[in-house]
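Some structures to go through are shown next.
Each of the next two complexes has chain A plus one other chain: chain B in the first, chain C in the second.
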Partner chain A sequence: MMYYCRKAGGLLVTLALVSLITFGVFQILPGNPAYIILGVDADPMQIEALEQSMGLDKPLYQRYFSWIRGLFAGDLGTSFRYQQPVSQLITSGLTVTGSLAVMTMLMTVLIGIPAGIWLAGHGGRKYSVGFSMLSQISLSVPAFCMGIFLINLFSVRLKWLPSIGYISWAEDPAGCMRSLLLPSLSIALGSSAVLIRYVKVSVTNQQKQDYVRTAYSKGLRKSKVMYRHVVRNSLIPVITILGMLTADILGGSIITENVFSLPGIGRLISVSISSRDLPLLQGLVLYLAVIVVLCNFAVDLVYSVVDPRIRLK
Partner chain B sequence: MKKNLKNMLCIFMAVSMLILAGCGNSAAGTGASGSSASGTSAVSAGSPESQKTGEESTAPAQTAGTENQGEKVVRINVGSEPDSLDPWMSAATDTEAIFMNVFEGLVRFDEAGSIIPGLAESWDISNDSLTYTFHLRKNVTFHNGSPMTSEDVIYTYENLSGLNGEKAISSKFSSITNLEAPDDYTVVMTLSDVNAAFLQFNKIAVLPKGYEEQAVAPVGTGPFRFVEYVPGQKVVLEKNTEYYDESRMPMIDKAEIYIMTDESAVVTALQSGQLDIAGVSAENAEILSGEFDIYNSPQNMVQIFALNNSVKPFDNVKVRQAISYVIDKQQVIDGVFGGYATELYSNFSPVMGTYYNDQLADTYTVDIEKAKELLTEAGYGDGFSMTITVPANYQKHIDTAQIIVEQLKQVNITAEIQLIEWAAWLEDVYTNAQYQTTIVGLTGKLDPNDVLGRYTTTYAKNFFKYANPAYDGLIEKAIKETDETVRAEYYKECQKILTEDAAAVWICDPNLTVASRKDLKGYTFYPVGFMDFSKMYYED
Partner chain C sequence: MNSVCKVKNFSLSFVQDKKEYAAVRDVNMEIAPGEIVALIGESGCGKSVTALSMIGLQPENARVSGSIRFGDEELLTLNDREWSFYRGDRISMIFQEPMTALNPLIKVGKQIQENVLLHQKVTGEAAVKQVLEVLKQVGLPDVERIYQSYPHQLSGGQRQRIMIAMAFVNNPDLLIADEPTTALDVTIQAQIMDLMKKMNRERQTAVLLISHDLGVIRDLCSRVYIMYAGRVVESGPVEYVLKEPVHPYTRGLAAAIPSAGRRGRELESIPGTVEPLQRRSKKGCPFAGRCFGAQSLCHEETPHSYSYRGRDVYCHLSPAEIEKRSAERKADHE
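Right after this comes the complex of A and B.
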C-alpha cells in the first residue's frame, strides 16, 4: 500500500512542477493565441473579444490558480484553438493513439517474440544472418520513412489502403483497422526489430544457465525446456522494453501521426504548442505523466506474474 | 501456474492471429465493395463522441468513387483549422473560403470581384453617400427554417456596429449611426462619414435574430448548410435544397473539406483517391497533370520582401531603392514557383483590374551598377549585413529568401536568414515590427482600400513602418471619393508613390494551382479565397 502512496505522491509533485514550468515557458515564448487563431486579417475588435473569452486579460497567477481549482473539480478547461473542453479533445485523441498503440504492440509482440526465440534456437545458422540483416534494416529506417514507403506502395500504387485519416472503431471496425494498419506497421517494423534482438540475446543467455543443463539431464524434451524454463526467464528484460515502448506510443508519435494525418495525441501536442494553446498543453502534460506512471506500474505487475519471485515492494 | 502461462500465451497468440487475419481480410474486401459503409456513416451531426482531434487530418477510407448510393460528394483540402464557426468572430481566409457557401451578406461578389446583389436584390445610395437603402429578397429562409426579413438584418447590423449598446463586433461598421426598417423587406442605414468601400463591407454574413448557437451549429442562408465540424479532421457541408436562387442551386449533394497542412499528404490523398480536388504547389501539379486536370490562376496575393522602414539602413530610401534594383523577381518566379506567378511592381496584383497601375514595370529593372551607386550615395558603398526573418512554416518564402541572399551578395550585402515560428512572427514582426526584413504573403482583398491602406500610418499593423503624410492624405481622399473613376486614379497614384519610395520589394502574385479529378468540373477562381461549391459538378 505504501508503494502506491509513494508512487501517487511522486506523481503529484511531478505534475505540480511540470505544470508550473509549462505556464512559465508560455510566458516567455512570444506569440499571442488570439493572433494565431485569427491570423493576419483580424479586426482589432475580434482580437479583443477573443482574448476576453479566453481569459487572457486576467493576470497570469490568477489564470494558474483557476486552472488548479478547475483541475480538482475535474475540469481541464477549454482549448483556445478548438474552443472545446480539453478533456473531450484528449479523450478523442486518445482513442486514435490508443488504437494505434494496441495495433502496434500486437504486431511488435507477434513478430518480435517468436522471431527472437527462433533466432536464439537456430543461432549461427544461415537463416540467422539473413534475419539479422533484415532486423538491422528495419531498425535503422526511421518510422516516418517506413511510413512514406508503405504509403507509396500500398496506397498510391496498389490502392489497397488509405494513406490518411482515422475512422473510429464504433463507426466502422473494418475501416478502423484499415486506417491503422499502415501507421502501426511502420512503427512496429522498427520496434519489433529491437524486440527481436532483446529476446534473442536474453534467450541465448538463459540457455547457457546451469538449470537448463539440469533440465536436459532430467530428460526433458527441448521444446519443454525452451518454453517452460528458458523463455519464461528471458521475458523480464523484454517486458521492460515493451513497457517503455507502450508509454512511447501512447505519448503520441508526432511524426507518424503527421505522415498519416491521424488526429491523435501527437498531433494535439504539436498544435497546442504552435498555437500557444496553454489549457490544452497543460491537459496533455498531465495525461503524459499519468501514462508514464501507469505503464511503469503495469510493468511491475507483469513482472510479478511472470516471475513470482519478484514482489511488489 | 507454469501450465497456465503457456496456455495464456497460446491463447493470446491465437487471438492476435485471428485479429490480424480478420483485419487483413477486411482490408482486401473493403476496397472493392464495402466503401459505402464509411461514407454514409461519416455524418453524425457533430455528436461529441465522434470528434477526433489534431491539426491536419483525415479522409474516409474509401478508395473508390465519390458517389455513394448516388450521392455526389466533393472532397477537397484546406490548409488550416477554422478559426471560428461564427462568421462574425472569424477572420481567417481559409475559414471564409469554406463558409461563404453557408453564409451570405446583403451583397456578394462575382469572379471579377465586382459587387453583385446578395440578400438585397437592389440598393439605393443617397446623393451625399451617407444613406444606404437595401431592398431585401422576399423568398429567403435561413437553414433553420425561419424566413429572412429586415428584422434579422437590423439585428445583424446592430451587433456589428454596437448600436445595440454592446461592444461593436467589427470596427468597419462603427460609422453606422442609425438603422431603420420601414417594412419587412427594406433596411435603411445612415453613416456618419462617407466611405467608398462601405458597400463592399456588406458582404458580411446576415444571421438570424435570436439564434445563439452560431459558434457550434452555424445557420445561414447560403446554398450549402453546415453539417458538422470534426476538429483536426474535416468540415462537412450539404446541399441546401430550399435555396432561393435556382441559378445557384448546388449540383453536388455534399462537400467534405479535409484539414491537411502537409502538402505531400495532400498529393498522396489525391493519388489514392481520397480527395477529388485539392490546391497543390506548381511542381506537384506537374506530377499530377497526367491523372488530373490542373487549373491555375493568379490569386490576388502579394508576396512581399518587406524592409522595416524605421530601422537603419532601411530608413534610407536610397538603400531601399538599391535593393529594388538588385532583386531579380523572375529568378524567384522560376526558381520557387516554377514560373507560375505574376511579377509585381507595387503592393497590388493585376487581378484587381481597374485599380491596377500598369505603368510601374520599368521603375526598377535589374541594374547592379545603379544599385551600387545608390548604396554609395547612401554611405553604404561597402555593403552591410542584415537579417531576413522568415516564418518557418512557409517553405516558399524560405526558398525565396535563399535566392534573395544570393542576389544581395552582388552589392556586398550579407543577408542571413533567420527562421522563426509563425506564432513568434505574428507577434514580433507583424504586431511589434521588431525586425529588419521579412518575406511573407499578403492575401488579397476585394477593395483597394484594404490592400493599400496597410501602408498608412494610422493602420495598426503597418509593419513596414512606412510613413508618408502625402500617401496618408491620398488614401483618405480616395475613401471619400464616390466617383469610381476618380477613386481608381487615386489608388493608381498610391501605388506609384509606394513604388517610387520603394516602401518594400513586391515580388510576385503566386498562382493558385488546383488539381481536380477529370470528371469534376466547375472549379471557379475568385480574387479572394472562396471554394464555390455551388458551381462544381460531376460530368456523367
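Right after this comes the complex of A and C.
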C-alpha cells in the first residue's frame, strides 16, 4: 500500500513540475503573442488592449495560477488560428491520435513479444543474421519514409488500403481500422524492432537462470518451462521499454499523421507551430507530457502486479 | 547388487570450437534402493556434470557415452518427452543455491504444487493438501503461510527446505543432491542434512550426495565414490575409504580434514592443483602429476582397479607400496 501511495505522490509532484515547465518554456519564448495576433504594424493602443484582455500585463505567478485554474475547469484558452477552445480541439484530435496510438501499441506488442520469445527459443545462428538485417532496416528507416513506402505498395500498386484520410470508429469500425492500418504499421515496424531486441535479450538472460534448471528438473517440457517460468520473468524489464515506446509512438505520430493526412494531435502540433498558435501549442505540449507521465505511472503499477518483490519493498 | 541406478563406463566430453575435452572418463557407479551414496572430489573433477547427466540436464555442448541405467531404462538415450516422465517424478534433484533455484515470481506452494500436478492425476485441491503435508514434513512452521509466500520472503535455510519438499513430494526413487548445504549457514547445514536423512528413511528414496564435507559424509552415507579429474580413483563403504584410505589422493583428502587427534599440528594439503580441462593428458593416471608415489608407468597407462578390504582402488601401486612411499615421504619432510 505504501508503494502505491508513494508512487501516487510522485505522480502529483511530477505533474505539477510538468505544468510549471510547460508554462515557463512559453514565457521564455521570444515574441509577444499580441504582436503575433495583430501583426507588427498594429496600433500600440490596440496591442495594449489585447494584452489586457489576454491577461499578459499581470505578473507571471498570477498568470500561472490563472492558467492552472483554467486547467482544472477544462479551459486551456482559445486557439488563435482556429478561434476555438483549445480543449475542444485537443479532444477532437485525441480520438484520432488515441486510436492510432492504441493500434500501433497493439501491433508493436503483438509483433514484438512473440517474435522476441521465438527468436530467443529457436534463434540459432540460422535466423539471427536475417533477423538482424530486417531489424536494422526497420530501425533505421524513419516512420514517415516507411509510411510513404507502405502507401506506395499497398495503396498505389496493390490498391488494398486507402492512402489518406480518417474514418471515425462510430461511423464505420471496419473503415476506421482500414484507415489506421498503414499509419500504425509504419510506426509499429520501427518500435517492434526495438521491442523484439529487448525481449530476445531478456528471455535469453532468463533462460540461463537457476530456476529454469529447477523447472526442467521437475519434468516440465521446453515449451512449458518457457511459458510458465521464463516469459513472465523476462517481461519485467520489457515493461519499462513499453513505457518508453509510448513516448516514441506519440512522437512518431506527429509526422506520420501528416503523411497520412490524419486530423489528430500530430497535425495540430505541426499547424500550431507553423502558425505560432501559442495557446494551442502550450495545451498540446502539456497534454503530451501528461500522457507520457501517466504512462510511466501505469508502468510502475503494472510492475507491482507482475513482480511481488516490488510490492513489499 | 539390486540397484536403482547403475552408471557404466560413463564418459562425458565438452565440445568447444570443434575440439572435444574429456571431463568425465569411464566412471562406474551404482546406487542401491534407499541408500545414501556420496560423490566427493575437488571443484572441476566432473562430479556435478556426472550428477546432472543422471537427470539429463548436462550442458548442451556435452557429449556423453557409456550407459546410465535407471531400473531397466537406459537414460542416456531418452529424448525430451521421455525425460519428462522421469524428472521430478522418479528422479529429482536439489541444487546448491537455494537463493536462485526458485522462480521469484511464483508462490513457493504453487511451485511445489506444479510438481504434484505434473506427475499425479489429482485435483488441484488434493495437490495443495499434499504440498501442505510435505511442507510439514520438512519441518517448516505455519505451512499455510509458507505456502502463500514468495521466495524472497524466506530465508536460505527455509528455501532449501522448500527445494527438499519439492524434490521429495512425488516420492522419487532417486534424489540427486548437489552440495545442498554449501550455500547455507553452518548452523543450518546440520539441520538440512538431518532432514535429508529423515526424508531418505521415511520415503525410501536413494540419495546421491555430492559434498565437500567429509564429516557429513561419514555420518550420513553408506558408500562413497572419490573422483579426481574426471575419473573415480577409489570407491567403497565410507567406514573403510575415509578411515583408512588407500589411494594416494584419498589419503591426501582424509589428511586434510581437521580432527581432534591432530590438534595443534599443521593441516596437510595436497601439493598442486587439478589440471584444467584443456591441459589434461589423455593417458595415464589422472593424479600422477600430484602423486607422491608416481612412477613412469603412472604417466603412461591408466590404472585398472583392484579390490582391497572392501573397496575398489584405481592405482598402479599396491597398498603396501603406497604405504611405504608415503612413509618415505614423511621421513623426508622431517
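To be clear about the criterion, the second predicted complex is superposed on the first by the 234 of 313 C-alpha atoms of A that agree within 3 Å, B and C clash if a C-alpha of one lies under 4 Å from a C-alpha of the other, contacts with A are read in each partner's own complex, and residues count from 1 in each chain.
In this text, contacts are C-beta pairs under 8 Å (C-beta built on N, C-alpha and C of every residue); 3 or more make two chains touch, one makes a residue touch a chain.
Everything numeric here is computed off the predicted structure, so don't read it as measured data.
Student: Once chain A of both complexes is superposed, is A:Asp307 in touch with chain B (first), chain C (second), both, or neither?
Tutor: second
Student: Per the contact definition in the header, classify A:Asp41: touching chain B only (first), chain C only (second), both, or neither.
Tutor: Touch partner of A:Asp41: chain B, not chain C.
Student: Which one hits more chain A residues, chain B or chain C?
Tutor: For chain A, the partner with the higher number of touched residues is B.
Student: According to the stated criteria, A:Arg232 is in contact with first (chain B), second (chain C), both, or neither; which is it?
Tutor: both
Student: For A:Leu29 in the superposed arrangement: first (chain B), second (chain C), both or neither?
Tutor: First partner only, chain B.
Student: Of the partners chain B and chain C, which touch A:Gln62 in the superposed model: first, second, both, neither?
Tutor: A:Gln62: touches no partner chain.
Student: Just to be sure I read the superposition right, which of the two partners does A:Ser140 touch: chain B = first, chain C = second, or both, or neither?
Tutor: In the superposed model, A:Ser140 contacts neither chain B nor chain C.
Student: Once the structures are superposed on A, label A:Ala215 by its partner contacts, choosing first (chain B), second (chain C), both or neither.
Tutor: A:Ala215 contacts chain C only, not chain B.
Student: Once the complexes are superposed, what residues of chain A are shared between the chain B interface and the chain C interface?
Tutor: Common interface on chain A, chain B vs chain C: 228, 232, 306, 308.
Student: Of all residues in chain B, which touch chain A in the complex?
Tutor: 1-2, 5-6, 13, 16-17, 19-20, 22-23, 26-31, 34, 37-38, 41-42, 44, 48-63, 81, 83-84, 89-93, 167-172, 215, 231-233, 258, 260, 262, 264-265, 268-269, 271-274, 421-424, 426-428, 430-431, 442-443, 460-461
Student: Mind pulling up the chain A residues that touch chain C in the complex?
Tutor: 209-211, 213-222, 228-229, 232-233, 306-309, 312
Student: Would you pull the chain C residues touching chain A in the complex into a rising list?
Tutor: Spelled out, the residues of chain C in touch with chain A are 55, 57, 80-81, 83-89, 92-93, 95, 97, 100-106, 114-115, 118-119, 150, 152-153, 163, 166.
Student: Which part of chain A faces chain B closely enough to touch in the complex?
Tutor: Going by the criterion above, the answer is residues 29-32, 35-46, 48-50, 81-84, 88-89, 92-93, 95-96, 106-107, 109-110, 148, 151-152, 155-156, 159-168, 170-175, 177-179, 181, 227-228, 232, 257-264, 267-268, 270-271, 274-276, 306, 308.
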